[in-house]
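See structure below.
Chain IDs A, B, C, D and E follow the sequence of writing; residue 1 opens each chain.
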Amino acid sequence: MPTPSAQVPLTPPAQVAMGSDLTVNNVEVVYHDIIQVLRGVSLTVRAGRVTSLLGTNGAGKTTTLRAISGLLKPENGKIREGTVTFEGRNLSGLGGTEVVKAGVVQVPEGRRVFKHLSVEENLRAGAILGRGHWPSDLERIYSYFPKLAGLRHKQAGYTSGGEQQMIAIGRALMAHPKVLLLDEPSLGLAPLLVAEIFDNVRQINREEGVGVLVVEQNASIALRHSDYGYVMEGGRIVMEGESAALADNPDVKEFYLGVTEQGGRKSFREVKSYKRRKRWM
Amino acid sequence: MPASRFTQTGNYRVRYQQDQTIFATYAEQTSLVVGVLLLLALPLLLPKTLLRDVNMIMIFAVAVLGLNVTTGYTGLINIGQAAFMGVGAYATALAATRLNLPFFLAIPLGGLAGALVGTFVGLPSLRLKYLYLAVATLAFQIIFEWLVGHLPVLAQGGAISMPAVQVFGVRDTFLNHNRFWYYLILPVLVGLGLLWRNVLRTRHGRSFIAVRDNDRAAAAMGINPGKAKLTAFMIGSFYAGVAGGLFAYFQKAVVIEDYGLHTSVQLLAMAIVGGLGSLPGSFLGPLFIVALDRFMGSASEWLGAQNIFPQGVDAATALRPLAFGLSIVLFLMFEPRGLANWWRLVRLYFKKWPYKF
Amino acid sequence: MNLLPQLLIAGVVIGSIYALAALGFVLIYKSSRVINFAHGQIIATGAFIAFALTQRGLNFWLAGLIAMLVTFGLGLLIERVFLRRMVGEPIISVIMVTIGLSSVIEGLIHLTPYGAGNFSFTAPAVLSGEGLSVLGTQLSRTQLAGVLAALALLGGFTYFFNKSTLGITMRAVADDQMAAMSVGTSVERVFALAWAAAALTAAAAGVILGLMSGLTLGGLAGIGLKVFPVVILGGLDSVIGAIVGGMLIGVLENLAAGYLDGLVPGGGTREVFPFIVLIAVLLLRPYGLFGTKEIERV
Amino acid sequence: QRTVTLAWSGAITGPTSDAGSSYAAGVEDYCRYANSQKMLSVTLNCVVRDDQYNNANTQRNFEEFVGNQNVPVFLGYATGGMLQIKGVVQETKVPTLPASYHIGIIDPPNNNYMFLPVSSYSENIVALLEWVAARERGAKVALIVNPSPFGRDPVVDARKAAARLGLKITDVQEVGGNNLDNTALLKRLEAQGAKYIINQNTAGPVANILKDAKRLGLLGKMQFMGAHYTGGEDLTKLAGDAAKDFVWATSYYMYDEGDRPGIQLVKKIGAQFGRKADTIRSVHYTSGMLAAAIAIEAMKRGGKDITAASVYKGLTSMNGGRAFNPGFTVGPVTFSAKDHVGAENLRLLQADATGNFKAITGPQRSKMFQLVHPLK
Amino acid sequence: MPQLHVEHVTLTFGGLNALTDVSLVVPEGEIVSIIGPNGAGKTSLLNCISGFYHPTQGRITFGSHDLSRAAPNVVTSYGIARAFQNLELFRGLSVVENLLLARHTHLRYGLLDSLIFYGKASRQEAENRAYVERIIDFMELEPHRHHPVGTLAYGIQKRVEVARALTLAPQLLLLDEPMAGMNVEEKEDMVRFILDIQREQGVTVVLIEHDLGVVMDISDRVYVLDFGQKIAEGTPEEVSADPRVIEAYTGVPGTGSVPAVQGAGA
């Protein structure tokens, strides 16, 4: 398992806290008042930049996003310690609606489009705050995702996985966010589409100056498309750094990128077949 | 196995079959015996009208056990359980009056009739999901009541009197009515309770839960979801039918009003207040609802006598529906797992207390 | 004289009253997937509030309006106090809460002078005048008012759900609460609004029903049951379905009463016929004529 | 013996509570009035208990009153509950007075201790048929009944009577609550040529039928009529002017007949116990009083020791010169070992334009009824 | 052991062709992968095999059994098990109970035995419990045995899905994206389980997966779908060199060694 490594020093606190950065400060989260999942997580999403958050299953990545976006409550979770600040405001403890109003919007894990609504209605449902002018916003979304324009009236439940991911991102954009939180956008997507989605994210980031925090299992693509990265394990940030530097880290290479010491990719057939007993909890 | 089986301090089971035992420790077995003795002595300890309530609770418990199979375990919301009771009651009444069958044959016959009709009514469940099935059972409830009203053999819903029952030379009379039936209903309830528990810990019971949780995955496990649902309906309405037969004898006559929508709602309320899908809940729910009704009856009468309300007794009796409704609502809001959860907590507290159902 | 056209007309008229009664039911289901068993009781509440106000000398129309506003508030209150806590609980629990509520509301009405007894509105002159004769069927002005109110409300809500952002959002909430929250929707507010709107339409239905058949608690509350075949036929979450379902049930009832009753000793087939149709419809089209088909992909 | 309990069990909430709550008030008030008048040497403990129209509750109340409190007479209520309880009543020999005037309650078997305070629904209906036959030979009649044992009860007797009276019953239809639209029903009856429509129902469904008949212009063409629970204040309130000309059969005096001693008593007692005007006006209030009055009178006549047997004796001796006449009904209350109907006399009343019922016959018994349903 | 034959299968949803004339063969004991873009119809094909959908045209056979019209539970009884793309577990039940459910058809006692729960039922329950424990051991799920699966981490839940399918003791195992949402290390674990299942138990495997690294490394044979049509088939090497596949799916030429998306963060 990766451990904090000397090659990637932790960012000194002085570097943090620019005006419109989103900062997560030493946050602890418990579910059902007993299950502690985050054990003091701190990270910064720089304004206008793409930040990635990597980590094993169950490390608490989704939980971190929920802690930011105020969606812990419906899952019976709460922030026990720490703060989330954005533009000088403390977002922790706010409800989902307030956080969206503040300009931070989450694209949930597994996309969760409104299955029974048409594609266009899905997008309009994102315009609930009434920010901007929805008809022109629709055109804006269609310009990022031309595919969606052709599917306007199709029921979202019957669109393919990649299209659903586009709908979910487009829906979030309707609220004119300043920071976009993406939870595993590549989940279940074919390689070409993964690339397409990340290109889209990059484009949106560039053109609208939106800050992006992207949670990913697909570390290679996430690091390639982000400026800065964090690695999370067991509810803690265990590593961070510029994306390029992270991708060079040997532990990251072995456990997240599947690259051998020699730099080649090792074959899945050669996985050691003796039992590598590990603790999963 | 540890040397002492009196109290158990850990899991000492070494064979999977031991995981199946219900009463494992001596403490549990002793308290079982004590419990049984207590139950047998109950009629001697309770005043007569309370004993009547106990009998009602036990009859309701039989029906609620059934409801807990369909609704609690299989997730098929059933708003027609009282109609299945009615099917059992009428079948029992016909068996007793037309075929002159003794009650120990007439009541199981009622159960079978319930099961038969239940399976038939369950057929839409093969296609219907979610709330639509609930509405289909509601429709059955209404169609049932209508049908009885149009059938002269069923006295068009008027009274069909039940013959008096005699067991071991003891006759059912006004004075011993409640004791008499207590000793007949109790074994039926205990027996059906045991069968209930057995079914639900075997492949059938698991298939019910599987269908409830995820019927597609259930099908992928080789479970025929339709068959599972129908089996659940069959078992659930068998229990209802038996309850109906018992009720027919206990009330001494079958009248359609006893098996109306209101009773169905009451049964659902009992199942939920008790805790859906729970054996102790199936007893605690009816106990709570009946006790609450008795209490509110007295309370409202007392309030009426105090002349607090301008209209005296009429306004005060409003407290009964109010309390009934409020108790359901409050339970669901604050203790959705029902009384069974309280029961569990109490048992955790008295760790050594037995009955690890 | 041919019976059929008269039966059809009468069926459509009574059907639109059913549709009006069913509308609130659909509103709640559409946004929160809750079947509201207390709907009949809310209808009764609306009617009795209006009646109590007219008893105190208020103008009929004003009384009706105030009753609608009061029940609007009542809807908000019910949602806030009882249903908000139930978000995320299994659906049967939520249904049972509404069953409990129906009992609570009945109890509360019993605490007023209107709990037991028969009352009726003194209809304003506009509504009590000569009716209209359509194809040989005489329709009263009350009935016509009912049809108009039903069509207006149903049309309004259809537009609302399909075209307005708020309407779309309400449907989105029904679809996936979590996802709706993620784009900043206040799910609570949507639910509250749905209950309030439903209660408001229930009051309208209550007043019209009260005008037509007088006010008794049992009678008004009993409409809550009649609504089931209507919404199942039309589709639980479809406003259009409510009106079509209402009219179909109205017509079917009348056809049963007109043609079947003579064949069945004792008659009264209109009481069950809708429910038999209901089961048949469920088997052929499990989500009703206009209901949303559940999307299931594994 | 210091106190004796006079107990009633019926629907104060639940279905039919509109009638039940007034009935309960009548029972309770008359009982308290009896105490205040020292009618008996003992004090009455007046108990009215809500059974929510639930038969199991009725039986429980019966067991508690009869089994525990040893009441000498039981005042009951609903058709279903009373039919169900007949066996126990027979066994315990406690005289029982229902508020349901279903003839099956006093038909054998197990009928020895069941007493109807007034004429049965069947007798009401047969009397209406006699009235029709007198007006128009061979007239066509339709019956509309409640879809319950309560409603279906008189159908058999009505058919028999109609046959003997030369009337033609064109249809028997069941109509319950929520009958918001009766167009089809009425149009069909019209097509059948039925001119007389006799109802056995509660006031609500009847009112809806009348309103629809008015809308369809059938009021003049059809004569609507009904048994005890169809008419009176309840109908007036619900149907308004659509109730005009409705013919109603009942054994009770009307509230408007202020010169009748019974009605004066009702008003006096109602005022004494502070009842609402609406309650006092209700015929069910009077009915409740009648039941209580009969019970108390039977206690008084039964002898010093008040027991079920003494009350039975007191009841069955109410005949001939010893008939009881509290003035609530148009005839005296008579019972005997064979006769289990109290005030058999009834009148037909007809509603005027404002919905007030005015007698159109004097007090009478239905002769035909005694032929089609002889005492058993 | 029987082979799976899919012959000219077409599947239509109200005008939309999810599958058009797809044919494929799965030889016994092999690992066969199906790849293709999202919405290509991979899951639909699996649904057709496992009885959730029925092909509009064409035939699917498994040995002597015709699967084209069979219900899912019937297909299962022929020895075909499946793990779903989106978790379809019994979330409220524990791992043991989930697996016991998969023994449903292997438990052969009737409703009456159930009611009495003595002898037959009791004995079989204990035997099957032992069987389930062996699977738990094999899939390394011991620590989670009694936890409700709904509360387990996503990766574990995926593993429970596979374990549950395995508990059915199938001859053919259908896996729909068993490694979605996992990091490399976790994928390696899953690959090892799949290989063990195939090698040690001789189970035939049909695998749908978007991670080409995995697919190319472990498959004996690969089919490629696009817009419901089969556009390529062959060994991993053949398929990954096929221009049509590159255009429709991977976007990058080359063999299975290092697809671009899987490459190091360069």
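Basically, a contact is a pair of C-beta atoms (placed from the backbone, for glycine too) under 8 Å apart; a residue touches a chain by one contact, two chains touch by 3 or more.
Not measured: the values here are computed from a predicted model.
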TODO: Could you run down the chains that neighbour chain A and chain B together?
DONE: C, E
Open item on the list: By the touch criterion stated at the start, how many steps lie between chain D and chain E on the shortest route?
Closed with: 2
TODO: Go through C-E and B-D and name the pair with more C-beta contacts between its chains.
DONE: B-D
TODO: Average the CA atoms of each chain to get its centre, and name the chain whose centre is farthest from that of chain B.
DONE: A
Open item on the list: Just the number, please: Cα centre separation of chain A and chain E in whole Å.
Closed with: 29
Open item on the list: Can you work out the whole-Å distance between the CA centroids of chain C and chain D?
Closed with: 35
TODO: Using mean C-alpha positions as chain centres, tell me how far chain A is from chain C in Å, no decimals.
DONE: 44
TODO: Could you give the separation in Å between the centres of chain B and chain C, each centre being the mean of its C-alpha atoms?
DONE: 33
Task: Sites on chain E at which at least two other chains make contact - done: 52, 84-86, 88
- [ ] Could you check chain A for residues that touch two or more other chains and list them?
- [x] 158
Open item on the list: Using the touch definition from the top, which residues of chain C touch two or more other chains?
Closed with: 110, 113, 115-116, 225, 265-266, 268, 271, 297-298
Open item on the list: Touching pairs of chains, all of them, please.
Closed with: A-C, A-E, B-C, B-D, B-E, C-D, C-E
Task: Footprint of chain C on chain D - complex, ascending - done: 12-13, 15, 17-18, 20-22, 147, 152, 171-178, 180-181, 183-185, 187-188, 191, 203-204, 207-208, 211, 215-217, 234, 237-240, 276, 278
Task: chain C residues within the chain A interface of the complex - done: 87-88, 165-166, 168-169, 171-172, 175-186, 292, 295, 297
Task: Of all residues in chain E, those that touch chain A in their complex - done: 13, 35-39, 85-86, 140, 143-144, 153-156, 177, 180-189, 191-192, 195-196, 210, 212-214, 217-218, 248-252, 257-266
Task: Complex contacts: residues of chain C adjacent to chain B - done: 35, 82, 85-86, 89-97, 99-111, 113, 115-116, 225, 228-229, 232, 236, 264-266, 268, 271-272, 275-276, 278-279, 282-283, 286-287, 294, 296, 298
TODO: Could you please specify the touching residues of chain B with respect to chain D in the complex?
DONE: 47-49, 52-53, 56, 146, 149, 155-159, 161, 164, 173-175, 177-178, 251-253, 255-258, 262, 297, 300-301, 311-314, 317-318, 320-321
